[in-house]
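Handing you a structure now.
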Amino acid sequence: MKDVNMLIEALPYIKEFHHKKIMIKYGGHAMIDEAAMASTARDTVLLKYVGMDPLVVHGGGPEITRAMDKMGKEPKFIKGLRVTDEETIEIIKMVLVGKISTNIVSQICLHDGKGVGVSGKDACLIRATKKAANKVKDDETGEEELIDLGLVGEVKSINAGLLEMYTDNDLIPVISPIGVREDGTTLNLNADIVAGEIASEINAEKLIILTDVPGVLRDPKDPNSLIQKIKLDEIPKLIEEGVITGGMIPKIETCVTAIENGVQSAHIIDGRKEHSLLLEVFTTEGIGTMIYK
Amino acid sequence: MKDVNMLIEALPYIKEFHHKKIMIKYGGHAMIDEAAMASTARDTVLLKYVGMDPLVVHGGGPEITRAMDKMGKEPKFIKGLRVTDEETIEIIKMVLVGKISTNIVSQICLHDGKGVGVSGKDACLIRATKKAANKVKDDETGEEELIDLGLVGEVKSINAGLLEMYTDNDLIPVISPIGVREDGTTLNLNADIVAGEIASEINAEKLIILTDVPGVLRDPKDPNSLIQKIKLDEIPKLIEEGVITGGMIPKIETCVTAIENGVQSAHIIDGRKEHSLLLEVFTTEGIGTMIYK
Amino acid sequence: MKDVNMLIEALPYIKEFHHKKIMIKYGGHAMIDEAAMASTARDTVLLKYVGMDPLVVHGGGPEITRAMDKMGKEPKFIKGLRVTDEETIEIIKMVLVGKISTNIVSQICLHDGKGVGVSGKDACLIRATKKAANKVKDDETGEEELIDLGLVGEVKSINAGLLEMYTDNDLIPVISPIGVREDGTTLNLNADIVAGEIASEINAEKLIILTDVPGVLRDPKDPNSLIQKIKLDEIPKLIEEGVITGGMIPKIETCVTAIENGVQSAHIIDGRKEHSLLLEVFTTEGIGTMIYK
Amino acid sequence: MKDVNMLIEALPYIKEFHHKKIMIKYGGHAMIDEAAMASTARDTVLLKYVGMDPLVVHGGGPEITRAMDKMGKEPKFIKGLRVTDEETIEIIKMVLVGKISTNIVSQICLHDGKGVGVSGKDACLIRATKKAANKVKDDETGEEELIDLGLVGEVKSINAGLLEMYTDNDLIPVISPIGVREDGTTLNLNADIVAGEIASEINAEKLIILTDVPGVLRDPKDPNSLIQKIKLDEIPKLIEEGVITGGMIPKIETCVTAIENGVQSAHIIDGRKEHSLLLEVFTTEGIGTMIYK
Amino acid sequence: MKDVNMLIEALPYIKEFHHKKIMIKYGGHAMIDEAAMASTARDTVLLKYVGMDPLVVHGGGPEITRAMDKMGKEPKFIKGLRVTDEETIEIIKMVLVGKISTNIVSQICLHDGKGVGVSGKDACLIRATKKAANKVKDDETGEEELIDLGLVGEVKSINAGLLEMYTDNDLIPVISPIGVREDGTTLNLNADIVAGEIASEINAEKLIILTDVPGVLRDPKDPNSLIQKIKLDEIPKLIEEGVITGGMIPKIETCVTAIENGVQSAHIIDGRKEHSLLLEVFTTEGIGTMIYK
Amino acid sequence: MKDVNMLIEALPYIKEFHHKKIMIKYGGHAMIDEAAMASTARDTVLLKYVGMDPLVVHGGGPEITRAMDKMGKEPKFIKGLRVTDEETIEIIKMVLVGKISTNIVSQICLHDGKGVGVSGKDACLIRATKKAANKVKDDETGEEELIDLGLVGEVKSINAGLLEMYTDNDLIPVISPIGVREDGTTLNLNADIVAGEIASEINAEKLIILTDVPGVLRDPKDPNSLIQKIKLDEIPKLIEEGVITGGMIPKIETCVTAIENGVQSAHIIDGRKEHSLLLEVFTTEGIGTMIYK
């Protein structure tokens, strides 16, 4: 290498985000493929070394299903809705905290970052309440019925002080998205939402969500139709037009809430592309979709 | 209650151990029975509130076997020795970090302690090396063979600074006994030994090992033959006489090493008795066996 | 001792008052009887060791009279009102600061507490103004006359920073209730009021006044008629009904003012009963009368 | 005033003693005469304001005798030696801590210094042991007898940390020379020696002893025969020659010990002369006798 | 010296200005005459040693003209107004920062003060904007013309944090009055105004301007007609009456602004008189003119 | 830019030099050409932002000659040796401190670094002694004569604490190589040596000297004959062989001394090549010559 121009080009971003908190949601490909996870972990460590304060929230997805299969635990459905019973939450805890989180920590440490696994139960990091029962209409009788989804929760409050202890000590917290209810029981939480809530609570500069799509596409079939930047007030129209749709809607909503709570920008990027994290942080055009105020 | 005399009796101990670190190894009954774990957790929190700095290391035992059964993973033996392969260490991690540790944290938090799960991999808390292969004599051929026990390790170094961050912030670390090898792989560790090594490294005042026996018994069949105090130099004779025997030997060795490294006293107590932890700390005669210099 | 249940019962109180300031007014029996003072001092040290921040204000009473007798100084009265002249205040200072305070400090240190005598003059801890002259009606002429009580003062301001220096350094300040006037002269102060004013100023959790009565009694002749809890707004009626009467009125007023200034609860307890201090702090029903908002 | 030359002349001394500790023993005239005490207090405050850290130890002398007289307590002698019984030590405490110390604190505060009274018992500032019994020869029988002087002590250790807390908080500690024995009883101490021991323990720059003589005089009858400077090794000869004699010998010995323990210089000055303290600190020739290494 | 009364007289001032910031503008004689500069530097160091925080801003004047002469650079005038071109500002920088500032630092260090040269460009201490062009009427045509004075600026903002770093570390900053424009170019600034602006920004207690006149004189021809104190609201009248006139007007305006921004008093004193600085600070009547609110 | 690989390649260096001090000597081209200086300043700021602590020492060279020319000051020679008289040192100060240092500070600030000019006289940063007179042989008479080089000095001690204050506050000190003699006079110093001495004193990780040559060349005529790495013990041979020669010898000696005093590596690089500083720090092969132990 005889070319340091990239460093020079990165300098404005390094300056801008100096000592700023960057909340990164690991998900999709970056959670499944080992090489992808290693690469993402290394990029995260790099952010730390050039002076930012990255924090990680991870999801679980396929690993949980796989573990349940292995343990012969069949998913439970009521009226088509998946229900989290005690046995399931126990498996979720084991996979999220015991497997995925320790693996990410491992990768971060291998790249000389000081990763530390933190579950939502540690020092009551994430206090949660049980989600209200869902109303479901019986197709035959037409009557509405309340379906209790079991041990699924909603974030009530975040112990931001605990996370500051980690970042102040140059550690990179890797947060498992479970919550603790008043009575001590564990509740399963949506990882995107946890990332967004924490980003808000700790005054993060950025919320970056790693996914398996290039970002928001104007035409979902055309990967070249990426919308690079979306202003907050353009979002309702994009939903109405069907550009933002399906599983992208809750992600976008998480971004919107975070920005409304003071996060400077939220990013949905493709975790499958190498260095997508760095390209999003260190380049003007970025690589995915940025939501801003 | 109109009797505060116990508080008065406890005062000398509260003074003596003020701001001292107490390393507690949770094991046996206290790990299996939920009520026992809750009670032990509450006692641990009490130590914190009266001014000491408790740290917890937990074992795994039966939970791991149970999880392996559930996952249809059969234990692997070579020449009668159990071998830890990659699949097994993955299950161990899930059980220790994802299940047992979070459960203890839960119990501690329920009693208003600020428990935090810490695996040996967090910020490379426990660096370990692979255990040397065991020499085993083939009964038939009489030849010695080296049996590699797989992913089983020995403690190489402890990141005491990380643990001090926790105690300085009034948190109670709950440590899972796994180690990280140079190349990042996870190694299974003996929980007693981990407790002893950490106790030495952090200059703990006491090392307390919760077991399912009353302590060292002069006559194993007579629970009333408890030896309350053993001076370090009496131990070789007690082993020779067969008083200390079997599974008690490695526990005693761990105690000896800890004391030789500066821990003031080591205690083997019966976790099945209620408040055994408090009785051992706050009473002169204690409840189990104390090893001292 | 094989019973640690009292510790378990005390735990909720230990938690609740962790790092909270407890202002204790030593008076009555606890100031006269040496064993009682020793016992009270030990209980005060215990509060410190289980994590609270006790501060002591002491009274003087009989000791002052005794010293005056010894020095052949007759109390001076004008129209039946006791007057504090310069010689008297000099004796008061010697008794409070040189005798009682050092004795309490002695007892606290003997129980491994770090007691430190602090007079109201130290670094102008208590600035005071001279009390306005009392109006007294001449029985014969029916005319009102102003009687100057001499060197008796009212608290003007408290140097809370000085007291924080002591508690931050794990010292237990033992405060003598004298004040310093603008011109440097010493003024005699009411110890109960000083305790109340300081409790307010340092945001104490509790104000505990040790007396020689069981607390507020519904029927003064029946020691079993103790009122355990009085809500602030019940007090006017209790005074009206003659339940709170005589010397109890100013004590209650001190409590009321303290609570109105943010102290959580005020307690009037019987210093003659052993461990009354601990029983009041560590039990639900307490032993005396608690005033609360 | 249109002449600031004195300030300019004082500058080198102000620089040299910046943030240095100056231990001042108040004694003689400066303890009896109110104006002298006020003047000395003001000079002490001035040292503080120009950047030094003055500490005060005071003596007692005539005040104690006067108080004993008043209380009808006759001094007790055995074989011509004064004995301190319990009643006496009680009076000593009252006079030193309750009267003299508070008066000095008063004077310091009046000149905007933050004086704080500290007795040797506060947080066990001065631990002491009982002085060994004196051997006395019976004039008649010629036999030696051991006379127990009662509650008289020798300094065993100083809690320097407590004094640093005061100086770090810009307070001027005013120390009463009593000590605390292992069992908590109070012992009377020689104030000069206490000043010397503390000076050594806190690494004071100077020990200044205020007396009622001009310093060491070559000819005691000629006040103009003052010896301004004495090198440590000249002292034995001066004692031998009878220049240093009587009550001056223990004072000089205190100085010698202090210097041997690291104090830079010790000064014996005339407290009766106005501003003797300032003249000694801020002028080359000084006003009394300086002992140095 | 046997007279320390001056120290006693200075004490109230030393107390009053303890840890207060004193902004001193060096100018006139004190900048030209080496002995005067040395004397002023020593007086400044004395302020530091007796507990104040002096900061220095210096002017340039004749030194700049001399350097320009030497370098053969002729001053440039347009329509009678002096214009600062690039070559001139380069010379100004060299003289202010490289010569005058280092000389003052030298003098301060020689008197054991820790002087540090700080230019307005260091860490952007003084951000400035270019002064608007001056309107000048052509005498012949009567038309107004805008004359650009070149690299002359006005203070926009002060980096007070940088100056606090110096004073917190017991350093005496010696500030050169140049500013930095957005684009990095250097602008020449009026030293009096810089001193005033900094005094306001750092909440200085005093602003002292050293000049070559005794202060404000009621009759400029009579040096005995000095006005010692001027209340802020008397100033307009004094200007109207022609008492404050010519070059004194901008100096007074600087003082007024500083006081309006919270500086307690501003002083115009005669730097030619020895110890004028000390006499102004340490005496009631002072030596020059004091402006106050 | 869609390529962040350079960042990834730089990561190991960023990690290795995290919070390490890098002493950079600006010289040659980088001091003359404005674009080169700007580029070097930006690279220096980049080092800061990625977590290192750069410090700058600058030289003077041609600027001084130019300024002397302009001021009509002819260089003075005695027996062929240049002599620094008072007028010359005055010009040197103006150029180094007033011109070059402020220009570098300007460039650093323009790139969002917080540069601060520091002369060797500030708080006596560099104490120096006058260089001993040179012995010179008179060609004619053959006699040796001592030629006093005037105000030229040698470094005696460095105030490392001052520099730490700057780096601790995230400032980049730009140091002018002049020293202060006991009597306060300024001495001219060799900038390379100053850089080396400071690097030693502050425990710098690297000393980097920017020059106008590619490094040490095996064949001075062949720029492709660069020696990339020289071990300390190879240097004597390289000097003997004439590879290291002329002006390179003192530079190499400075490097050797620095490394012997604990600096990890010293680098001689070509300041004319763009980003030579970054290429040397962030690449394995570097761009110039590295000296190491």
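Lettered A, B, C, D, E and F in written order, each chain numbered from 1.
Basically, contacts are C-beta pairs under 8 Å (C-beta built on N, C-alpha and C of every residue); 3 or more make two chains touch, one makes a residue touch a chain.
Since the structure is predicted, the reported quantities are computational estimates derived from the model, not experimental observations.
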Chains adjacent to chain C and to chain D under the stated definition are none
Other chains in touch with both chain D and chain E: none
Farthest from chain A by Cα centre, which chain is it? Let me know. D
Of all chains present, which has the mean Cα position farthest from that of chain B? E
Fit chain B to chain D on CA atoms, both being copies of the same sequence, and give the resulting rotation angle in degrees, nearest 5. 120
From the C-alpha centre of chain C to that of chain E, how far is it in Å? 57
How big is the gap, in whole Å, between where the Cα atoms of chain E centre and where those of chain F centre? 35
For chain A and chain F, let me know how many angstrom lie between their CA-based centres, rounded off. 49
Which residues does chain A have that touch at least 2 chains other than itself? none
What graph shape do the protein chains here make by touch: line, ring, star, complete or other? ring
In their shared complex, at which residues does chain D touch chain C? 67, 70-72, 90, 93-99, 101-102, 105-107, 109-110, 114-119, 121-124, 162, 165, 169, 171, 180, 183-184, 186
Report the residues of chain A in contact with chain F in the complex, numbered from low to high. 1-11, 14-15, 18, 42-43, 45-46, 49-51, 111-112, 275, 278-279, 282-283
